[in-house]
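Consider the two complexes below, in which chain A is the common component and chain B and chain C are the respective partners.
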Partner chain A sequence: MALSQSEVLAGLAEIVNDETGIAADAVALEKSFVDDLDIDSISMMTIVVNAEDKFGVKIPDEEVKNLITVGDAVDFIVGAQG
Partner chain B sequence: MSHPQLNQYTAVQFSRIYGLGAARGDLIVSNDEVAGPIDSSDEWIRQRTGIIERRRASANLSLMDMAVDASQQAIAAAGIDPSEIGAVLFSTITHPHQTPSAAALLADKIGANPAPAFDISAACAGYCYGIAQADALVRSGMAKYVLVVGGEKLSDFIDPTDRTISFLLGDGAGAAIVGPSDTPGISPTVWGSDGSHWDAVGMSASLLELRDGTTAWPTLRQEGQTVFRWAVWEMAKVAKKALEVAGVEAEDLDALVTHQANIRIIDELAKQLKLPENVVVARDIVHTGNTSAASVPLAMHALLKSGEVKSGGLALQIGFGAGLAFGAQVVVMP
Partner chain C sequence: MSRKIVVTGIGATTPLGGDAQSTWQALLAGESGISTLDKPWIEKYEVPVTFAGQAKVPASEILTPQEAKRLDPSSQFALIAAREAWADAGKPDVAPERLAVEFATGIGGVWTLLDAFDTLKERGPRRVLPMTVPMLMPNGPAAAIGMDIAARGGVRTAVSACASSTEAIANALDRLLSGSVDVVVAGGCEAAIHPLPISAFAAMHALSKKNDSPAQASRPYDVNRDGFVMGEGGAALVLETEEHAIARGAKIYAELVGGAVTSDAHHITAPDPEGTGAARAVLAALKQANASIEDVVHINAHATSTPVGDIAEYTALKRVFGEQLKNIIVSATKASTGHLLGGAGAVEAIFTVLALQNRLAPPTINLDNQDPEIPLDVATSPRELPDGPILAISNSFGFGGHNAVVVFRSYEG
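The block that comes next holds the complex of A and B.
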């Protein structure tokens, strides 16, 4: 069954926390990965591969640069679920 | 028609690495020196790659010079005579002749002539490919001792204005002698390739394009994100598989010696493997840079030399890169 927006957000926040140490509750939809959360391009890639695995979706390289905010990533994952 | 029964090689049960040798470029090149032409900075390079400086070879130090130096150290460490070497395998992507091989010249220079000698083209996976073949040659009885060298003078094939890979690269050579053993010293190898990403890392153009004047001097290039994602994700699976086929758990290891591509890849791999704290993770990249085929033996040599890991320790070694190609095995450190 497809996960809801809030379930994906919670799962993503867990990955971000695990990869970067940022508190999960700081990972809110409107936050920008780079500007607000200070996540660099390399951490972004490790978050992406872990998210692909966790949510069973493909996030192509070309797509990653469009994922500016946490909300962008959540929406993409919600939409990409089977 | 009847004929006499053929002789075949008599197999040996086990093999191990007898000794290692290491030679690094004679120049220490700082991040500040490479940052200018790519509008980068010491801080950016340290943060994204872990590299503080890389070793490069001056004009007077050739790939062959470094390979001979490393090989002679490995032969001395193994305590064998070079005439006992039954095969020389040289993994390199920077030997500047299409033919003849670098290995034949190396064999002659170190006193192993007339041993069979050939080059391996598997880029950053090349040393682990070499160990796999050496293990097979020794255990099949085809060769008593095999010299495996991973060596590169990558600085001959970089473009200082390229942001994708050149700033990572260094020069060096690492060597190992593999021979017969009473106890198991080299696990089965997990190796393979994925040519569907043939373009992800490699030369910017072919020699034919150079001949036709349609390209400048070809240099190394990569799609950093594609390679990074493949390295952390697929290589974690390969590393886990290597542990499984070796019959060991992550906590049985003394060291993790990965190809030194980027410290962030190394750290992520260690994390995916859930390595306990006491397993030493090789981070030779910090002062050596990425030396492609040389990086695994250089990194293992450094761990042994500093005493961080003792001889007899178990190491998971894994190489991965252009091809794409990968190889991993668990070895007893010499």
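The block that comes next holds the complex of A and C.
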């Protein structure tokens, strides 16, 4: 069964926290990965791969550059679920 | 005017302790850092050697999970040791362009490399972490330290197997004497207690196989020695010009007066049985120290506890010191720590510095029956060193025919 937007956000926040130490509740939909959360490209790729594993989706490399905010990523994952 | 170089900070994480002073105290107490490994891979791969010297305090207890995640275990030990040394030196106020790092490893990020290959085989290339390359590169530990203390005067990594970190200290001396920098953080690290390196060293019959008595397995100079025992950890020294140290009111442990590197060009692993290359390194380091053989009161020997290596080093020392050798107190501290490979020289440099400062040669444990072919005066309990200005040397030799020697002098102010 597909996860809701808030469930995906919670799961993604957990992944971001695990990789970077950023508090999970700071990972909000409107936050930019680079400008607000200060996440570098290496951490971003690790987060993407871990998100693929966790949510059972595929996030193509060419799509990653479009995921500016946490909300962008959550929407993409919600849409990509089976 | 000749420039003096001094030691103003020390840090270490070793099988004996999580910092330099607790390591030293455990060494003086005659402890062993060697024990049986409690790892599933021992049984899984039927690894022929089941013990080693694991770091007494795991790096995960010191670093944040996010720091640890981006660093190979070797870099984790490096960062812990360097931070301790840097704090011990009083976090010197130095222009970043005048601060350098010389930090060695023998093998580099072997855990990262082999874990990544497992991931590739089991889960495919996309699951190989993007941090793999910076984590496995041998300059990773030096780079991590350089970023941590903002060293912009050059960050380098000597790689010469078990001579690596003594070579790094000798390189640091060169840089400081050249006047291009004022402060250098120097040292080395290793984290190779992994089934592959253990199997590989065992395959060349370099490791002790005393699986039933791990704490007695590392026994330099003993007739029953049968190979070295692998250890892990790191050690760092803050080295700086005396002028810089005095200007900022730093405490001074000892003076670094000589450092030399030679090579055997004899055999890829066996030491030159005549010991000429090692002897040349000792002589060159003493020459740089402007010292004579009579000035040396203490030697922290390389002495890994291999049948051939211990004799080859004795032969080299005999060549250099002749009859004077009987007046020198020798310590073979790998008996307690195991062999930290690329980190060994830095750990032993710290022991040499503390021996001078405390006027105390540390004990060599497990020496029950001294090999009659190695008639050195070995300290088996802590032994007092003489008053007045005294000199001590620390030797390291590595596969590849690398010989590195550093000389320290007691600091008289």
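A few points about this structure:
The definition used in the following text is that the second predicted complex is superposed on the first by the 82 of 82 C-alpha atoms of A that agree within 3 Å, B and C clash if a C-alpha of one lies under 4 Å from a C-alpha of the other, contacts with A are read in each partner's own complex, and residues count from 1 in each chain.
One rule holds in what follows: a residue touches a chain if its C-beta (ideal position, glycine included) is under 8 Å from a C-beta of that chain, and two chains touch if they have at least 3 such contacts.
All figures in this text were calculated on a predicted structure; none of them were measured in a lab.
In this overlay on chain A, chain B clashes with chain C.
Touch criterion not met for A:Gln81: it reaches neither chain B nor chain C. When both complexes are overlaid on chain A, the residue A:Thr46 reaches chain B and chain C alike. Shared-chain residue A:Ser6: touches no atom of chain B or chain C.
Of the two partner chains, chain C is the only one touched by A:Gly21; chain B is not.
With both structures placed on the common chain, the touch criterion links A:Val64 to chain B but leaves chain C unconnected. When both structures are laid over each other on chain A, chain B collides with chain C only at 186-194; the other stretches in 168-176, 186-194, 240-248 or 348-356 stay clear. In the superposition on chain A, chain A positions 41-42, 45-46, 49 are in contact with chain B in one complex as well as with chain C in the other. Of all the residues in chain A, the ones that touch chain C in their complex are 18-21, 41-42, 45-46, 49. Interface of chain A with chain B (complex): residues 40-43, 45-46, 48-49, 52-53, 61, 64. In the complex of the two chains, the chain C residues touching chain A come out as 64-66, 69, 126-127, 129-131. Looking at the complex, you find that chain B touches chain A at residues 47-48, 223, 225-226, 228-229, 232-233, 262, 264, 268.
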